[in-house]
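See the structures that follow.
Heads up, the next two complexes both have chain A, just with different partners, chain B and then chain C.
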Partner chain A sequence: MKTRSKTIFLLIAAACLIVWSIVTIIPLYWMLVGSVQDSAATASFRPSMLPEAFSFAPYERFFAKTAAWRWLLNSLFISSVLTITNVFFASLAGYAFAKLKFPGSNAIFWVLLSTMMIPAQVTLIPLYILIVNVFNLGDSYTAIILPTAITVGNIFLMKQYMSSLPTSLIHAARIDACSEFGIFWKVILPLAKPGLAVLAIFTFVASWNEFFWPFLITNSTEMRTIQVGLASFVFAESTDFGAIMAGASVGALPMLILFFSLQRYFLQGITIGAVKG
Partner chain B sequence: MARVEFRNVRKQFDDQNKQTFTAVAGSDFVINDKEFVVFVGPSGCGKTTSLRMIAGLEQQTSGDIVIGERIVNNLHPKDRDIAMVFQDYALYPHMTIRENLSFGLKNLKKPKAYIEQKVQEAASILGLDDMLERKPRELSGGQRQRVALGRAIVRDPQVFLFDEPLSNLDAKLRIQMRVELGELHKRLGATIVYVTHDQVEAMTLGERIVVMNKGVIQQVASPTELYANPRNMFVAGFIGSPAMNFIDARVEEERIRIDGAEFVLSQDAAEGLKSYNGREIILGIRPEHIYGEDFAPGVSTEHQMQAHIKVVEHLGSENLVYFRIGSRTVTAKVHPETKAYSNLSKQFIFDLNKARYFDPATEERIDW
Partner chain C sequence: MTTIAPNRVRSSAGRLWREYGWAYLFILAPVLLFLVFTLYPVVSALIMSFQQYNIMNSTWIGFDNYERLFQDATFWKSMRNTVIFTVCTVPVNIIITFVLSYLIYQMKTKWQTFFKATLYLPAVASGVTISIVWLAIFDPTNVGLLNRFLEWFGLDPVIWLGQSKTALFSLILMNWLGSHGAGIILYLASMGGVPKSLYEAADIDHASGWTKFTRITWPLLKPTTLYLLVTGVITSFQVFISVYMMTQGGPNFATTTIAYLIYQTAFQFYEFGLASAQSFVLAFLIILVSVIQFKYFSSDVEY
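Entry: the complex of A and B
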């Protein structure tokens, strides 16, 4: 009886997952199909699920009408810088909170953590005023990068990961005449590689997909990221579905490739801190 | 190599409720040059904290710690010229055994040739020659333990610190490593401070043993001295397996009365216990000093009493016989040919010349 009920449960679970997968994949598939066929075919009353008259013309139009290469480069640059700054600072802070004793460490950590409770919308306007009016940094890479150069969420993630590393290694390194930064650099960082990889991938994906802040802080076409540029293109060319789909594909494809090639790190990221060891 | 000295060293911690907890309460002792000293005691007795204070991984609340001729209170661990072997080995998992062994020397900026020579020396002492390019995860527990030892040896430190290094090994390997550690001490002629909760390890390895309880040093003595003349009931009960028996007794003139039986004291004991006349005391006697009346070669049969056997454990080389005297369970370690089984009423002989007497109020040994 037990085996039978287990089989039924597995069948139901599999059916639900298949339905869910289809619901998730269809928009992506539709986007890819739309990007390689004529706009009229995409907009037709009974659209076909297979591309009619396969063509890369929508991509040509998208790249011809926009500064897409520049936007892609901007996105790549900003995401890369944010990944580096987050990995570096979050691992340092995470290590300090997890392993070093200093007065008020718990209090500081909880204050930092409590800032995660404040919705981003609440701080958006003060942040905008700070960046544009006070620091006079509007419409620049610095303006896009600075607010998320290190995030509390990433510090928390790293603290959880670092906590699982044995403290005796730090003590051993200290006795082995290693400097405090040497301990971090030569002992802790190599051991934290899986955690750092997860952090890097999550940060890169989040930065690549970030829309609202770059949209708010940039004015000029050449400072836009791919997501912001795409939005402006959609407003301007609302009927050219083919080119819109091509743009959306260009924006999404790097992330899809990244996801599929580094899938195991994504799964690892979900369980960080859940199981010690 | 060097001596280590604690001068009234205290260590207090604040727990989560801001309550002050005293881990080490004013320790004073000297570990001599080239001596192997073992700190032993139950969990939380302050032995590991003492070791970590010598290493510089914990800062004492007050008092001075001396290594060699220097007061090292404010010195960083790397400047104390010590090496430590950790309970979980603490090998760097991402480095090869060679890198693990040479890590400390590289940090000290020693010349390459010197490092290589030291690593080779340590590897050959510990039989690690063909494992130098492996990672720690490819080694067995015993081999990892050797690497941890090697990492300490290459440093040529003034003092070796061992924090329960054998506790993660299985029983057989532990005995093997214990012998190897003893040999290593002789070979290196090093000052070694060793922490363990295992009294057998302490007795077999230590030239002197520091017994600690609740942050207080109970006794510092050689293994034989600790065993024969424990200073108080804690030491008497902690050292020795099975533990020393404690039996309620009453001094009456030149005799002691135990649960209805009456034993005549030796002249020395009678003199020593004079001030306890008419009072309760605790008689401490080791299990091997109680004999079955049918197998007590060369022992005076003067002090005998009848007891009802509860349980007998057969260990092959000896039998452990459990019986009750008053409210206390007493263990006798008897020869396997002694006739003993559950529910048998039997005459037991007590070798009172080997017994020790304790004050029930202070739990200190009564001396004379």
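Entry: the complex of A and C
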């Protein structure tokens, strides 16, 4: 009797989960299906839920009307640089805060951390004036990259992660007369690889998806990232359903592919540095 | 006596450098970036909020910006919208996340991974992409998916984003139906950490399922719930992309959130002083609400 009610419960649970999964996935599915239907931008057009009238014409129109290849390259370059700077400097600082107990380390760490609660809107205007008027860097890669080159959040995650690594190896390396940077480079980094991989993936995805700062700081069409360019395209071409869905897909597909190929890192990575409960 | 003191200072500074020089070098780059791109802007914004800002010569006007914004109907409307959005999304999202996690936890490992991946998926798509797709879903003409869904049930089409009655609700609905994957993964990790022995002990005492839930599961998952609550509130207080992409704050300011108002004040009307004052009100609110949450919801759970 007990096992039978348990089976019924499991079936209902599975049914609920499947329904909710479908609801969650439908927008992305509809976007992909809509991006390969030739809509020809008529008012009576109703995009189908099934891939009918299959055609890549919407993608052709999207790429023809925009500088999307350039935007993709910009996004790839910016996200790659941000990933490298964040992984290297955040792990270096995280290691220093976790393992090298130096005078003032706690105070400095808490000052850094306490500013995380201040919303981005506060620093936005001075940051904009600083970059555009003082440093004269408006509309450049440097302007997009510099403010988030090393984020406090990433340093925090790396400090948490580095704390869990064994200290004994550091002492052993120090006795072997390794330089402090040598210890970090040859001993710590290889040990921390799983954590670094997770940090790299999440930084890359977040940088790729970032909208507001690149949107604010870029003027010319050529300097836009794919997200900024996509937004400008939607405001300019609000009637071409197919091309808009193709654009939305172009903005998201690289990350969806990344997710499918590195799923394990995504699903396990979130718990790194999060609360224990 | 007088000759010893400077020597000691020099030697202790030298010792500090010899022993810890590397450590300071390791944190140098982030500390410099922090000083230039966080600390300086915060101080500068605070000063700006008391000024009639002008690139060349700003004039000090005391609390005028703050007085102005507290008398501004649009500011209060944006506060109201932001609070409604937060109160409607965050608790509901946590309940949805918790129920889904609880259901997934009952499944076999293989299915757990499947559902985790599926429910996480939309989180990797950008806010711009998601907004574009939902813009089409809410479309009031015959493109819109949601009205076609209503049509199935013989219901009349709704102008989701185009009228002030439903615009904010539409953004809330979109948020409910978004990805809860990250929270689900955190909850599942915590559920795996609850000792089985507690449930076995409860079974011996013939505790009901509800008792086990209220006495064991929920209290032990409290830290995760608190984390989701605090981060959820902070995020939704700053909601911007969907507003910018889908409604531009309209119609009739029905979806103007505080983050969107700050953007408009600063970069459409170029009132930097007023925008800074608005941003400090937002910062104050976020910090206040976070502290309250920590105070009232956190409790040291030992097990």
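Everything that follows uses one rule, which is that the second predicted complex is superposed on the first by the 249 of 277 C-alpha atoms of A that agree within 3 Å, B and C clash if a C-alpha of one lies under 4 Å from a C-alpha of the other, contacts with A are read in each partner's own complex, and residues count from 1 in each chain.
Keep this in mind: a contact is a pair of C-beta atoms (placed from the backbone, for glycine too) under 8 Å apart; a residue touches a chain by one contact, two chains touch by 3 or more.
Keep in mind the model is a prediction, meaning the values are calculated, not measured.
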Clash or fit, chain B versus chain C on superposed chain A: fit
Between chain B and chain C, more extensive residue contact with chain A: C
Chain B versus chain C as contact partner of A:261, first or second or both or neither: neither
Which superposed partner A:105 touches (first chain B, second chain C, both, neither): second
Which of chain B and chain C A:121 touches, first, second, both or neither: second
Centroid geometry (CA): angle chain B/chain A/chain C, rounded to a multiple of 10 degrees: 90
Which superposed partner A:142 touches (first chain B, second chain C, both, neither): neither
Touching partner for A:13 - first (chain B), second (chain C), both, neither: second
Touching partner for A:169 - first (chain B), second (chain C), both, neither: first
Touching partner for A:21 - first (chain B), second (chain C), both, neither: second
Lowest C-alpha to C-alpha distance for chain C against chain B (Å): 9
Touching both chain C and chain B, counted on chain A across the two superposed complexes: 179
Chain B-touching residues of chain A, taken from the complex the two chains share: 166, 168-169, 171-179, 182, 187, 190-191
Sites on chain B touched by chain A in the complex: 55-57, 76-78, 82-84, 86-88, 90-94, 103-104, 107-108, 151
Touching residues (chain side chain C, partner chain A) in the complex: 16, 19-20, 22-24, 26-27, 29-31, 33-34, 36-42, 44-45, 48, 55, 100, 103-104, 106-107, 111, 113, 115-122, 124-130, 132-137, 141-143, 145, 148, 177-179, 182, 185-186, 189-190, 193, 220-224, 226-227, 234, 237-238, 240-241, 244-245, 259, 262-263, 266-267, 272, 275-276, 278-280, 282-283, 286-287, 290, 301
Touching residues (chain side chain A, partner chain C) in the complex: 9-10, 13-14, 16-17, 20-21, 23-28, 30-31, 34, 43-47, 89-90, 92-93, 95-97, 100, 102-103, 105, 108, 112, 115, 117-127, 129-130, 133, 146-147, 149-150, 152, 155, 179-181, 184, 205, 208-209, 211-212, 216, 227, 230-231, 234, 241, 244-245, 247-249, 251-252, 255-256, 258-259, 263, 266-267, 270-271, 274-277
